[in-house]
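First the structure, which I've put down as structure tokens, then a few questions once you've had a look.
Just so it is clear, A, B, C, D, E and F label the chains in written order, and each chain counts residues from 1 on its own.
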Amino acid sequence: MTTYPMKRVTIVTEALAREAIRRLLAEAGAHGYTIFPVEGAGAQGERPADIAEFGNIQVEVIARPAVAEELLGRLHREFFPKYAMIAYESEVRVLRGDKF
Amino acid sequence: MDLSQALAANLLSPAVLFFLLGALAAVARSDLKFPEPLYVTLTIYLLTAIGFKGGVAIAEAGLSRVWLPTLAAMALGAVIPLWTYPVLRFWGRLSKVNAAALAAHYGSVSAVTFIAATNYLKAVGQPYESYAAVFLAVMESPAILVGVLFGKLGVRGTNAGPAASVKTVVHEALLGRSVVLLVGALFVGALTGERGMAMVEPFFVSPFQGVLALFLLEMGTVAGRRLGDLRGVGMFLIGFGVLAPLTNGLLGLALGKMVGLELGGATLLGVLSASASYIAAPAAIRLSLPEANPTLYLTASLAITFPFNVTLGIPLYYGVARWLYS
Amino acid sequence: MDLSQALAANLLSPAVLFFLLGALAAVARSDLKFPEPLYVTLTIYLLTAIGFKGGVAIAEAGLSRVWLPTLAAMALGAVIPLWTYPVLRFWGRLSKVNAAALAAHYGSVSAVTFIAATNYLKAVGQPYESYAAVFLAVMESPAILVGVLFGKLGVRGTNAGPAASVKTVVHEALLGRSVVLLVGALFVGALTGERGMAMVEPFFVSPFQGVLALFLLEMGTVAGRRLGDLRGVGMFLIGFGVLAPLTNGLLGLALGKMVGLELGGATLLGVLSASASYIAAPAAIRLSLPEANPTLYLTASLAITFPFNVTLGIPLYYGVARWLYS
Amino acid sequence: MDLSQALAANLLSPAVLFFLLGALAAVARSDLKFPEPLYVTLTIYLLTAIGFKGGVAIAEAGLSRVWLPTLAAMALGAVIPLWTYPVLRFWGRLSKVNAAALAAHYGSVSAVTFIAATNYLKAVGQPYESYAAVFLAVMESPAILVGVLFGKLGVRGTNAGPAASVKTVVHEALLGRSVVLLVGALFVGALTGERGMAMVEPFFVSPFQGVLALFLLEMGTVAGRRLGDLRGVGMFLIGFGVLAPLTNGLLGLALGKMVGLELGGATLLGVLSASASYIAAPAAIRLSLPEANPTLYLTASLAITFPFNVTLGIPLYYGVARWLYS
Amino acid sequence: MTTYPMKRVTIVTEALAREAIRRLLAEAGAHGYTIFPVEGAGAQGERPADIAEFGNIQVEVIARPAVAEELLGRLHREFFPKYAMIAYESEVRVLRGDKF
Amino acid sequence: MTTYPMKRVTIVTEALAREAIRRLLAEAGAHGYTIFPVEGAGAQGERPADIAEFGNIQVEVIARPAVAEELLGRLHREFFPKYAMIAYESEVRVLRGDKF
């Protein structure tokens, strides 16, 4: 199978940031996303997720490198100062490169 | 019934005892935790039930008796931030955006506190205007809008970033889950009236107090887990978390009397006024004022004001109301 | 009671109003959404409750009265695809596999529509054979099997890929969650009879109508979110979504009368016949005919036929039944 | 009522039939599966309800009547591992740590089995000391602690790795979810007494039997899915899974009579003694003795002893109790 | 620790494809899989996941390169035309290479 | 955006191992973690996750290479003999390297 290199951007953050993240994704030109309900712990303490609003989500976005770059940049500038959050990218190879 | 009896009646009710149990379990680091969907389910149930009952009551009482106290309640919600904001800003030395966020929380309301109060009134045999649920429905949003306005003015200039547009905030404040459920169920109740009530009573009315008890167990664990944050918020906020509800409670009682509510209804308006939001307001504020520090407003409303109202506040406001109406 | 009263009785019931509330909330893009486990829980409750009650009713009525209408119901389910398929294929110009998928959905049934109809009959004081739940139980699968058969013939040759074997489809159609719950609870009810009913009545019977109201609130949001897809499916399918239930409803009523059901039971058979599946059939079709376009069958059954039946269809079929039996 | 009637009364109750339905569905590989939050919700409900009722009963009976049988129950839990461990070790040729794990499971208790037994007694009209829930509350932990102790001695030397410290185990055994809910609800019930009961009865009492039926449906699927593991555990363990509850059941009945319980209460103590834990004990054992093989203890307690007790065991113990008290 | 290179194949698709995917995995020789309930949005619209049957799942499979290749190929040929779906692979290093 | 190379350690295991894993993470010096409720199948059979206690969790940890190495080593020695489990690592690039 021919596969195409693409970036996967992963964001773990508080559930209340959900809409803000979705707007960011739309603005940055991502064509889709997948959201996981998760629990977690980090610098800002445990987030036990028994109230959806106080829990965490993980958002995974497959995107072209330029979009990923844009996403990470805006996360860093606009979101990190305000939300409990981590973000990272990794390399993946997708089927149907034109989809992303 | 004197004050100590009023207090005992509240503290020894299953609902409040389950709340304390939950808090204890959290403090003892038990792994007791409700699954998140159960939490949402209980919320949906309590909101639709209270809304529906309120709607049926409106159908009976008639709009002519309901509109004035409802407007008063709405205004009360919008006005509370006007005094809490400057107090928080200058006595509490909070930043503009944190003061605005807290003001929004204390102007808005806690449905669970309201429901616990209706429970209490029922337990002590005090009748109340059951259309009072409409006050709950109209008091949630105004303060949030006012608070966000204050906050936006405070952060103007630095509005880079993900803060939501005013349109989004209004949408969230007016079409958030709790408002839709409450207002929607009010309409359903008002339209179906007694005939509808007869059909759903065994679901929405009979088991209500038991469901509330279970829900307060969960809320106890949630509040209990927040207790640790008390150290971080400072003495001022702890004091504010007790004095603000007392002040707002009196305001609500007085206003309730002025607009012609009976003893029961005035108590409920007092309780609503005294209560602080910890679900709807945090969600809206996180969306629209993400610069505000959630530890401050969540700890104040969830770990101080909420437990205070549910255990001591409700019988206290009721005691004052009885004195006011005697 | 004339038709307009019959309609009003339905439209002003808590269940239907909650349904409309949910649809409105979805259209207004509120974030109201039930957690998925709550949806499953409500389904499980409604299916076991209706099945159990039906089983107890069978125990009382005796098999001798039940077997003939049951066979008729089963046959009806299998027969409906035989007329819907050619209509969809040639008037609607749908591909073979899409026509087959839709035919399966309209031959199969919607448990919630059935339950809403029993609710309605109860509200207007119309007695009915409560063993009618057995019709619901036997009508889900046959049409799915017939539809899949049609579809498989349609895609023969291109059967590369993940389409399930016939064995898997039969397994899914006969042992899917809803069939197991419904048929299983029927057996439990039939075996325990009145004595068992006395034990579980406060859980399976008394709160039933309230639970249904809550469930229809959720179904309203699900259907409401689908409304946007109406534009994509074309006028033919919209018309089909209303005319097919009307036709099938009449078929069911007539058949019900022929096999000796009373007015109430015939109405229920009409409702079942008119209803289209939107859970069991999609799951089975997605598994066995993945080439079919889900937007077509989900929009038709969930955004057109289901709301039509729940609001207008049920009182309509009842009106016709009254005329038929007068 | 002779034994065959006693058996039929149990086997034809909705709860037990739903259990069998669930097991059948699992064996037939139906996709019937409750969402996990529903499982937790039902557990929370059943535990708080049974605890609360027990607490109210204590408030009525007075501590003076409760303390002796409670101590006896507690001691019984701690003592059962003392005979099961050597039997498993030498007749069953299990490793030290597996024998210890199983001993802990059989000394501890199954709340659902207890609840099914109260249900059964209610159905056959046999009164019982309803404070018996306190036995359930105190019997869960002691055996786990004793079993872990045995196990730790067994694996000493190889204690590299993630096994928990004794402190963690004690914490888990005493503050695990089920103990907190049960003991906590007992206290709430004891403090609020009849007055509190009146408030929450329509939630915690009336629908209880129906909820139990639904829960046993789920437990049936869980147990049914485990049936496949029976082949892997060997004949010895299958025999043990039936004989251990019979032996422990007799022990419990005899002890119950000795400490002055009535027929109903002694039956319940017998049932508790006969039951094996499949939630609390596995969780604690997995944490503290991860070397033990879960297939052994889960299959024995969940796929053998639990179904045996729920279907045949309960009426059997009751039959023996009647003979003992006649 | 010695770790062994392996492929991780990630599939995001509608929940109703679950059984079809499981059969595919068995046929392609995967030794295990992990399934996440997720929400998402993509070319075929939002999938808000309030009815399990209408929601999404993410399936992650660790497999040898040949199995991954086979999986991706069959996904592309047999599943993409029929299901809302994305699929991609990435490099991971596992403990116990003979397990996969 | 400047991103920093980091390891992501992924662990899939039975839910009952949760506390043991959390203790391990703390001891190994991880600064945070994210937990997913998952279903799965592997060498030790299916884990259908209808009882939380019998289900699976996936734990994802972003950590410096040394911490990841330590984690994998201890998982291999102490956990694999006792729990149904897989573990693997992959390369990611994070924002804010000093956070991990």
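Note that a contact is a pair of C-beta atoms (placed from the backbone, for glycine too) under 8 Å apart; a residue touches a chain by one contact, two chains touch by 3 or more.
Model, not experiment: these values are computed from the prediction.
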Required steps from subunit A to subunit D (each step between touching chains, minimum): 2
Enter the minimum step count from subunit C to subunit F; a value of 1 means the two chains touch. 2
Touching subunit A and subunit F alike: which chains? E
Most widely separated chain from subunit D, with each centre as the mean of CA atoms: A
Distance between subunit A and subunit B based on Cα centroids, please, to the nearest Å. 33
Cα centre of subunit A to Cα centre of subunit C, whole Å, reads 40
Just curious, how far off is subunit E from subunit B if you go by their C-alpha centres, in Å? 45
Centre-to-centre distance between subunit E and subunit A (centres being mean Cα positions), rounded to whole Å: 19
What parts of subunit E, by residue number, touch at least two of the other chains? 36-37, 52, 90-91
Spell out, as numbers or ranges, the residues of subunit D touching 2 or more other chains. 33-37, 40-41, 202, 206-207
Touching pairs - complete list by chain label: A-B, A-E, A-F, B-C, B-D, C-D, C-E, D-F, E-F
Which of the residues in subunit F end up touching subunit A in this complex? 1, 3, 6, 8, 31-37, 62, 90-96, 99
Of subunit E, residues touching subunit A in the complex: 10, 12, 36-43, 56, 58, 69, 72-73, 75-76, 80, 86-91
Subunit C - residues contacting subunit E, complex: 33-36, 39-40, 160-162, 164, 168, 218, 221-222, 225, 279, 282-283, 286-287, 290-291, 298
Would you pull the subunit F residues touching subunit D in the complex into a rising list? 14, 16-17, 19-21, 23-24, 37, 48-55, 77-79, 81-83
In the complex, subunit D residues that touch subunit C: 12-15, 17-18, 21, 24-25, 28-38, 41, 119, 123, 202, 206-211, 213-214, 217
